[in-house]
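Next, two complexes with subunit A in common: one pairs it with subunit B, the other with subunit C.
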Partner chain A sequence: MNIDIDDILADLDRDTTAVDQTLTSQGQNDTTVFGSDVPGSDKAGGAAVSPVRDFEALMTHWRNERLSPELLPYPHALMARMLRRVQEQLEHIECISMGYLETLGEEDNDAAGDSGSNSNVLNKLPLLCMEADLERLKFVLRSYVRCRLAKVDKYSLYLRQLAQDNERMVPLSGLLSRQELEYHERHSAILLKLLNNTILRHMPPELQAVDDNEGSVKMVEEPEWDRFVFVYVRGPSSPRDPDPALEVGPDGQCFYNVMIQGLREEVELTVGGIYVMRYNVVRELIMEGKVELI
Partner chain B sequence: MSLPWNIQETFSPEEIQFIVENEPIKIFPRFTTRVSLRGDRAKPAHTRWKLVTADDHPLNNLVAIQTTEVALWMALLLKQQGKCSIVAPGWLRLSQLQKYIDYELKHAERFSELPWNWLVVAQLLFSKAADDLHDPVHLLRGKIQDLREIRLGKIGQGLKHLNESHLQLDNLSLLEINELRPFVLGVMNKLKQVHSSISEERGSEDYYE
Partner chain C sequence: MYGDLGSKLVLEAKRAQQLSQSSGSDQLPLYQDDLVRNILREIAHLKKNAEILKSQQELENFDNKVAKCQYFVTLLCMERNKRCLLAYQKLRSDALDAAAWNRNGLDAMSSLNTAKDGSTNLSHHEQEYLKDYVQLITDMKSGDYTDIDLSGSLTPPSDVFIDVRVLKDAGEIQTEYGVFNLIKDSQFFVRQADVERLIQQGYLQKL
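Take a look at the complex of A and B:
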């Protein structure tokens, strides 16, 4: 009951408190950068997932994205949930920090001689931890988004080519978030305009293309599919569902059989092992979450 | 650039520490947050915990001197505030570390099964919770350093096995992988290029014959 009233008060006071303004504006900044789209769009799935699981999934996405040569698909639902949670937590912390002042006043009034400083610390401690906790989440989100933006820049021409290619299974809007897509389109338009105005205009027409893949050297930079990466073989996500790709060796060890195309060589990836592998060899397994990049 | 070039395709040591700090560790809290059932006041005397990256249930049910598992970063934060003591993990004691060292010395070809985050955890606990460890910290530090040097030596030996196909490196910790990464990947990528150019050449020779 009390908490409800606090919430309402905090809502009313939001615009008048200086501290709150910085917090809210910060929140808005974050959302514009991360692009939280349609809060509450994932309400249906929201009930079944726990914040802890989501955070673990986000950590895996972050680590895979940082280490993989290509741009991985954007986890739309997960990111929407995470951004909504950041917003909610920001508001929750604001409410507590205001309600907390109130509690202090009560304690002083009560002044039952009970160790006032002790309860003071006990009141501050959760707040301290919750702020640290929120900062940690924001760090991962920021780092993840920045890493993706770096890749969008790097593969700008390649992504344009993908967009034109109609036979692809995943549309570009599945690979990128709405904001990333907009950024990509505008950035590459500006870049092409610059190239055109400064150099290409002055070249003979047959040398003006920037995406000519016919010659001996391809002009569109593709992700380096066969680059080596460190992988950890995690195995199927839950031990109960049988995984058809998983094989069991004579000594009871589970492994995945993969084929290195260039060398025509078969390798067994034992569950729990760490390997250095070509990215394209394990790409399928990474997409399915059975192998993680480390 | 949106991501600095030096952390593209790898992690910084600080980020490795960040990853490891999410791992659980046991603590002895020195305060209680579990709300007593008497409930004579409408409002609890302290703020409730609500977290977005970790499970907040154990933190709302802390009972003084009863072990609880929380994330490492939380444990270190509480420790810093003098609100808990950390239960050092079982492998972080002299006798256990000596066993690992013996294993490393006996088996030249493989690594002992230390936890994947041993270096970082040891480093953090030495600097922030030295008084909670089972043994004097300077002795433990010595053992950890020994282990690290033995393993580094093995890694150095293993580098001559680098090839263009693949490599298996079980039981290597995250920090060790991270420091190995630029060199190993660089060499293996180059070997792969050399190999593919050789096989192309052979292919074209066959063609001409």
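Take a look at the complex of A and C:
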């Protein structure tokens, strides 16, 4: 066994570039299929779709979702692309491990000038890397979806109230995915059934509501709007299109002005800086993707 | 005294919460059927009192401040009792939710449903709720999220392959890398994704 580390590295390089190419071509497909789906709903909003940028956007969404007190809008197009890529990658790995790409592997071996006994090792290592990578992506997606479902449960009544409120800018179907809507619907139905059967049914009629805000204590739990969060100011998504809200200070530094209502105080958020703020102060900027939660 | 039963129920809920936190298991104590029923009875009683007080006030043209206060406190008591009841039930249903996610479906039902002496700690309605919720989770997992395995582990994966020790005999399992015969106390080096389920069900332990 004389495996040269260079050979393995070369093989890895070839493999990753190959994957990149296939993914890029998929990315181009995506623009045609999903590009016009929900304009501006993604962080990338308008910029060209690429797997790398999608992954970064997903990580941002994931962090924001886990740290924000409220349920953030669901990135429909991004998640659809991500889920599709996971499926394709699964099939890809399946193909390689089953040996359907045998011919490709042999070429690689010839190029690397290795004997047949090494081919097994050389094929397995990139495969292992790809599998590890896929597992990580699956974990992020899983964690993201579960985090959202937990919030759907927590703010179940609040979301229901939002749905009845017609003056909202974003409809509930934009905030939640189709699956989340269904989950919300069904879970609150069975929970209400349980509460009704055990308690509410036996109460006097005026005490039977579960979303009564008139009493001494509000029954509908709202997100904690003024919770403190750590934020990183990212600046506009691309330097080419200037942001009207962005101001340039005398020393050439770019910053956003935000108003803290309670204190009647203006604060400058310098691009690249890290701040601790109340959530409702920076909420708008988070929605626009100019500021990230960390 | 009015409200005493409510506090008792809240204490009971608190106890259940601490129990599950300290032991780390999804066990729920016995459903306090009697207590809940007594509180409901107390609410009905309070309701009757409130009505009497109200009619008295109408006779006295609403200028008796003491009676007014009495009426108000009665209403508050009713509301408080309701909150206690709902909080108790919500805590239990949340625990059921967690159990349904952590242990896959039917497993959670069987372990929660049958306590040691064969009786159940859940009320009839709670059993029904658990069944519905498990069904809901199963439906969520099939659909679009099949590939990412929603009920999988929520700790970030470190390696594709891990060492596991077998805690209970589980027979043979078939994976891409061959067949493993899971005999108690033996040790294997396997792909994490393949044995995730068995770890959750308590057959294997990650080393």
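Here, the second predicted complex is superposed on the first by the 223 of 294 C-alpha atoms of A that agree within 3 Å, B and C clash if a C-alpha of one lies under 4 Å from a C-alpha of the other, contacts with A are read in each partner's own complex, and residues count from 1 in each chain.
One rule holds in what follows: contacts are C-beta pairs under 8 Å (C-beta built on N, C-alpha and C of every residue); 3 or more make two chains touch, one makes a residue touch a chain.
Worth saying up front: this structure is predicted, and the values here are computed from it rather than measured.
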First, second, both or neither for A:207, with subunit B first and subunit C second: second
Contacts of A:146 with subunit B and subunit C, given as first, second, both or neither: both
Subunit B versus subunit C as contact partner of A:86, first or second or both or neither: both
Partner chain in contact with A:248 - subunit B first, subunit C second, else both or neither: neither
Contacts of A:128 with subunit B and subunit C, given as first, second, both or neither: both
First (subunit B), second (subunit C), both or neither touched by A:136: both
First (subunit B), second (subunit C), both or neither touched by A:63: first
Superposition-derived comparison: subunit B or subunit C, residues of subunit A touched: B
Subunit B and subunit C footprints on subunit A, overlapping residues: 86, 128, 132, 136, 139, 143, 146, 149, 153
Residues of subunit C that touch subunit A when the two form their complex: 36, 40, 43-44, 47, 76, 78-79, 82-83, 85-86, 89-90, 93, 97, 123, 125-126, 128-129, 132-133, 136, 140, 143-145, 147-150, 152-154, 156-157, 159-160, 176, 191-193
Residues of subunit A that touch subunit B when the two form their complex: 1-2, 50-52, 55, 59, 63, 66-67, 69, 85-86, 89, 92, 96, 99-100, 103, 119, 121-123, 125-130, 132-134, 136-137, 139, 143, 146-147, 149-150, 153, 226-230, 260, 262-263, 265, 267, 272-278, 281, 294
Contacting residues of subunit A [partner subunit C, same complex]: 83, 86-87, 90, 97, 128, 131-132, 135-136, 138-139, 141-143, 145-146, 149, 153, 179, 183, 186-187, 190-191, 193-195, 197-199, 202-204, 207, 210, 215-217
Residue ranges of subunit B touching subunit A (in the complex, touch as defined): 1-3, 7-11, 15, 18-19, 22, 31, 33, 42-43, 45-55, 59, 73-74, 77-78, 81, 83, 164-172, 174, 177, 181, 184-185, 188-189, 192, 195-196, 199
